[in-house]
Amino acid sequence: MSKLRVGMVGTGFMGRVHSNAYRHITSIFKPAIEPVLQAVCARDAEHTTEFARAWGYEHVETDWRRLIARDDIDAIDICVPNHLHKDIALAAARAGKAVLCEKPLATSFADAEAMCTAVEAAGVANTVWFNYRRMPAVTLAQRMVAEGRLGRIYHYRASFLQDWTIAADIPQGGKALWRLDANEAGSGVLGDLLAHCIDTALWINGPISQVSGMTETFVKERTHTSTGTKQPVSIDDACTFMCRFGNGSLGVFESSRYARGHKANYTFEINGAEGSLRWSLEDLHRLDYMNHGDAADVRGWRSIHVSDHGGKHPYMDHWWVPGLQIGYEHSFIHHAADFLAALAEGKPCAPTFRDALGTQRICEAVLASAAEGRWLNLA
Amino acid sequence: MSKLRVGMVGTGFMGRVHSNAYRHITSIFKPAIEPVLQAVCARDAEHTTEFARAWGYEHVETDWRRLIARDDIDAIDICVPNHLHKDIALAAARAGKAVLCEKPLATSFADAEAMCTAVEAAGVANTVWFNYRRMPAVTLAQRMVAEGRLGRIYHYRASFLQDWTIAADIPQGGKALWRLDANEAGSGVLGDLLAHCIDTALWINGPISQVSGMTETFVKERTHTSTGTKQPVSIDDACTFMCRFGNGSLGVFESSRYARGHKANYTFEINGAEGSLRWSLEDLHRLDYMNHGDAADVRGWRSIHVSDHGGKHPYMDHWWVPGLQIGYEHSFIHHAADFLAALAEGKPCAPTFRDALGTQRICEAVLASAAEGRWLNLA
Amino acid sequence: MSKLRVGMVGTGFMGRVHSNAYRHITSIFKPAIEPVLQAVCARDAEHTTEFARAWGYEHVETDWRRLIARDDIDAIDICVPNHLHKDIALAAARAGKAVLCEKPLATSFADAEAMCTAVEAAGVANTVWFNYRRMPAVTLAQRMVAEGRLGRIYHYRASFLQDWTIAADIPQGGKALWRLDANEAGSGVLGDLLAHCIDTALWINGPISQVSGMTETFVKERTHTSTGTKQPVSIDDACTFMCRFGNGSLGVFESSRYARGHKANYTFEINGAEGSLRWSLEDLHRLDYMNHGDAADVRGWRSIHVSDHGGKHPYMDHWWVPGLQIGYEHSFIHHAADFLAALAEGKPCAPTFRDALGTQRICEAVLASAAEGRWLNLA
Amino acid sequence: MSKLRVGMVGTGFMGRVHSNAYRHITSIFKPAIEPVLQAVCARDAEHTTEFARAWGYEHVETDWRRLIARDDIDAIDICVPNHLHKDIALAAARAGKAVLCEKPLATSFADAEAMCTAVEAAGVANTVWFNYRRMPAVTLAQRMVAEGRLGRIYHYRASFLQDWTIAADIPQGGKALWRLDANEAGSGVLGDLLAHCIDTALWINGPISQVSGMTETFVKERTHTSTGTKQPVSIDDACTFMCRFGNGSLGVFESSRYARGHKANYTFEINGAEGSLRWSLEDLHRLDYMNHGDAADVRGWRSIHVSDHGGKHPYMDHWWVPGLQIGYEHSFIHHAADFLAALAEGKPCAPTFRDALGTQRICEAVLASAAEGRWLNLA
């Protein structure tokens, strides 16, 4: 196999971003296995046909079961609301397709576990689109910690702040707004935003052993798009938790959609005995680094422009010339390229469903902790 | 009375900073009541005499009881380790002196309450040196929130990070290092650093109703300077807490002396429906402001250089010309000037001992919550 | 015509960037006229075939004259060293092809004028890839000045700094290094970097009436790749000029490849009576704005994250969701999309060859001024 | 002599700043020679008496000749408009007083030369208050260049931007506004602002060999406060010049009072083969440093918080604890402390009158170059 024929489920924001990623792979990464935009599936035939034309898909389906049934499809990419992930993933795995699933993996730990079991039982390649691992600055951060350049880690803090749901007249449910309905999303900012922070943290700083969470729903009722009537809002508008990592370091995580002035601001900072790192999605092409080993009179936080090939910045040698930054969507291109490279070598591509299950476990514990008002152990 | 004859207790870092403040008042603020550096007191006569000469004190004492007994002293300024605050404050109040006390007010809520009762019973002027309220940028932030320019507040977060105790061979106890000995300091970063954050938060965002804390001591044993032997470290090296404010907003507070790359980095951010504010002690002359009311195409975080008199920035009209920044010690000059102005008008100067008692209450609750691993209500 | 069949000349850095641009148009911009990657041309057949495969070109040519001779080509895109622009553009115009030419237009004003005359005589669509006009932040800046939001302009300053030629053992000439050979490049940083700054300035701030330039060549000799021997370096390693604009404002422009710590740092700042703007290519997704009309106590430089659709930021509604930044190559996608849209409407797409001729005129005057050590009038 | 009895001439902005400096020396720097605020002189007796009281001067004079005639005065500090510097300095030198003079030294090179000759002939200690040399970040920058940590220097650029004279109805002349009248100030932004940039540049980067300047007066007429009628404005509102340094590096300098959004923004950047430095008066406690010798993958501009004693940052060990920044006025305190230390050792304190004469020479050449529209050699 030198081609991977992709069947895309979903034509929303993530459907666009993933399609864009596949279209870049061949030109930029020259992979051993090339992706083919074979078919796209969504309920509205007209809209889906237009989407297929814009992005270059060969075929259109309106029922994901038919998409999975096609034998000209090698991989299913799941870009639909969270509550639909499970059934599609299970069916795809049963059909022997590779499965690439948007995050969070599922709306519950139980569902996520079932999905994980399914892909492992089927022996199909799988990955979950926690794309921020492949921001070159984040990849560099992970590498630096793994190489011990920060020494013993004392603190890990992360936040993901937005402000788009402050207006009380925004409805909940359905197209674009399913993220405000817990039935479709599973949770609010926890699964949507903090899950990213947790995935990165587990990758860089290892397992979390204890959590204590706090959640809040600022707007208590919103009109539901399906009924046109006010319904209680069941998601978390904001979620914060403290934790302890297995390596002895302390963590603080915070997320909100009520943080005015932040549109999509994922940030983290890591403090170790020998140095510190911090990153912000608002300036994703930079990594701040404080090296305690620098000569004392000229020590200071550095702003690394992660675009300098000579410095062998992750992924950047595939792009332009030093000094020229990339954007948001490139993290998906890198993820897809890594998935294809791993597939060619018969290796797993992290984060796998099992990796994502670990994140799901933390999410569930945070919600439970917040509900019960106490610390929960994860050992 | 047109003079306030100050008796300073302590010649350490804070003794220097306060003395510096008094020396500026007359030139810069032209107060109705002028401070006089009447006497300074510390145990080592030679050192104290040298200190008196450098800073211009008229007299030297080596026993604070004798200092308080002097009838040429109107006010006692307490700049000694925390566990000594109480006895001095009580004696000063009994002697009818005004009392200016370094923060935290005491090493326990009970002691703080006794001190508060004492100054109120004696009817003497009193204040606690939570100096950051008088950083012009912080004062401006408080004014903006009070004027409602941020609308309903959703989030308040603050942190105070340092890195000076990472080395395990730093001893604890005594001169300069009493902050590492809970017997002298009461607590670690909580009282030393987070107390500042709490004072500001209560001032700007109102009362805290619930807290859940977490503390850690990374270096478990340090040589005690008094004995030369290893002793358990009883302070908190790091302290984090989540909280809920009475106004419905959520809070996250963090402090550490193990955050490499931060020397004295107190930061806060406040998110309201109509705008957000953030500030950092590392760049204390700036206040960042996001105004949601700005035209949508040019909306963005502003960096306000709090030095522009035309803009009536708090305190700045007393200093130089627009664009020229002030430094750390100016917050103490402003505090002392406000104290003298309040005294002249017969009004209290916030934060009073009673205000500081509120902060002490939160501190004690955070420690208890961390020890018990549960939320505590403060209603 | 609903397709524009592109013939690409050149497979270097710009050949890649332009090809990438064409590949995005249909998905992202849904243009009335869609680009087709019809053929690519470069001297090395094997390399060009590989390039064609990676980027999806249908055909390969190794002689640009044959490419132009093809009747299945509607437009010629010129991405070869500067000294080759003229002959290709003239032939393409004669053949009635649309011409898209990399900047600078030519190696001399005379050549540029001939090219301009040729495309205008042939009546073919034409544009020059001064791509930075289409950085959304730059486009927004131009719009703000055009709308008078800055009031009368007093100052315009720009610089473009790099550091890649500091090592004296870098050779000159040929592949990748033709930029160091004046025979191929025409000039050094002036045509390569300052031309961008001049194009933006003329667009935003109008005509320049007087210039006084200064150039320097720090490394006087470099090995030429064609001969293997040391030859004098004839380009400008650094170029600075002062100028006066027709609107009475003053300009300062600077460029260098010896500015350590800058890889591709194009910056500009504009000061008007009512406000100021500044931008940096190192953080291309942000525009800094100082609005003098803001309330005086909260006035400050804003950092606009040019990614907020609600704010109708130029081009950004075509991309992802608010808060997610784009990268360098997007400016080319926008340029190509605008070219196709203009073509569909039968309108010119700025900067046209004539617009670029104006930039060439300033470049030539700056070099002459530097050589003669005096001011030159351009009225 | 263990005291230096200062006679201050002038009670404006600089009179305040210098007085403040003298009041700090003893407490903070414990100098071998202590300053005494002996007498202050200005024309308005009442105002001067009030000034004396606020700042602690013992005596008041209203005629500077009488001040100089006093035999209880050891040094004359000149803080009056520029055109008055010469006569006072000459008289003070003749009287054998040390002379500390505000910058620029004089309103012409000829006057400056006479003053220089006078103090040298009299053999009196002398210095010119180019205070920015003693900003710790600037002092550190100079030290780094002197130690060769930047390698060969290629570029030096500096600017000093303000915006306070944009309004056309601001009058010229007299108290506070003498800076707008060339008869009193000698020049506009050149002597007021660029002179600072030139002093720093000569100190850090050595002599300037060639200059080409450009000046502009945006508001052509302003009401003169002495007559109440409109008079032509004879100062430069903006001044820019390019130059070549003796070491082969290129310079660009710019200054304006029409740069909206800048109140007192002096910035410089220096690019060397091994690294670069930049500084801004808006954040005077920071120095940005790019070290090309850093490991390539983590190279980036560092922001050095020049407050870390362990790093032996210049002057900072005299102040507070690491991480706490100082402000504008501290540069004057450092300058005064250095002057006293030099005096105690019988050494000159740079910049001396002779050093300042070098700056005056560049200023005069820049004005002449701008007037004549050509390059001027200074070899």
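Each chain gets a letter, A, B, C and D, in the order it is written, and its residues are counted from 1.
To be clear about the criterion, contacts are C-beta pairs under 8 Å (C-beta built on N, C-alpha and C of every residue); 3 or more make two chains touch, one makes a residue touch a chain.
Quick caveat: nothing in here was measured; it's all calculated off a predicted structure.
S.K.: Which chain's mean C-alpha position is the greatest distance from chain C's?
M.R.: B
S.K.: Which chain pair shares more contacting C-beta pairs: A-D, or A-B?
M.R.: The comparison resolves to A-B.
S.K.: Just how far, in Å, is the C-alpha centre of chain B from the one of chain A?
M.R.: For chain A versus chain B, the centre distance works out to 41 Å.
S.K.: CA centre of chain A versus CA centre of chain D: separation in Å?
M.R.: 54
S.K.: Hey, what residues on chain D touch two or more of the other chains?
M.R.: Residues 262, 286, 301, 305, 308.
S.K.: Based on the touch definition given at the start, go ahead and assign the chain network to line, ring, star, complete or other.
M.R.: complete
S.K.: Give every residue of chain C touching chain D within the complex, in rising order.
M.R.: Where chain C meets chain D, its residues are 150, 154-155, 157, 161, 163, 166, 212, 214, 216, 218, 238, 240-242, 244, 248, 250, 252, 254, 256, 258-262, 271-276, 290, 292, 301, 373-375.
S.K.: Provide the residue numbers of chain D that touch chain A in the complex, in ascending order.
M.R.: 140, 144, 286-287, 289, 291, 294-305, 308, 310-313
S.K.: Chain B touches which residues of chain D in the complex?
M.R.: Interface residues on the chain D side: 13, 16-17, 19-20, 23, 26-28, 30, 54-56, 162, 164, 262-265, 281-286, 305, 307-308, 320-330.
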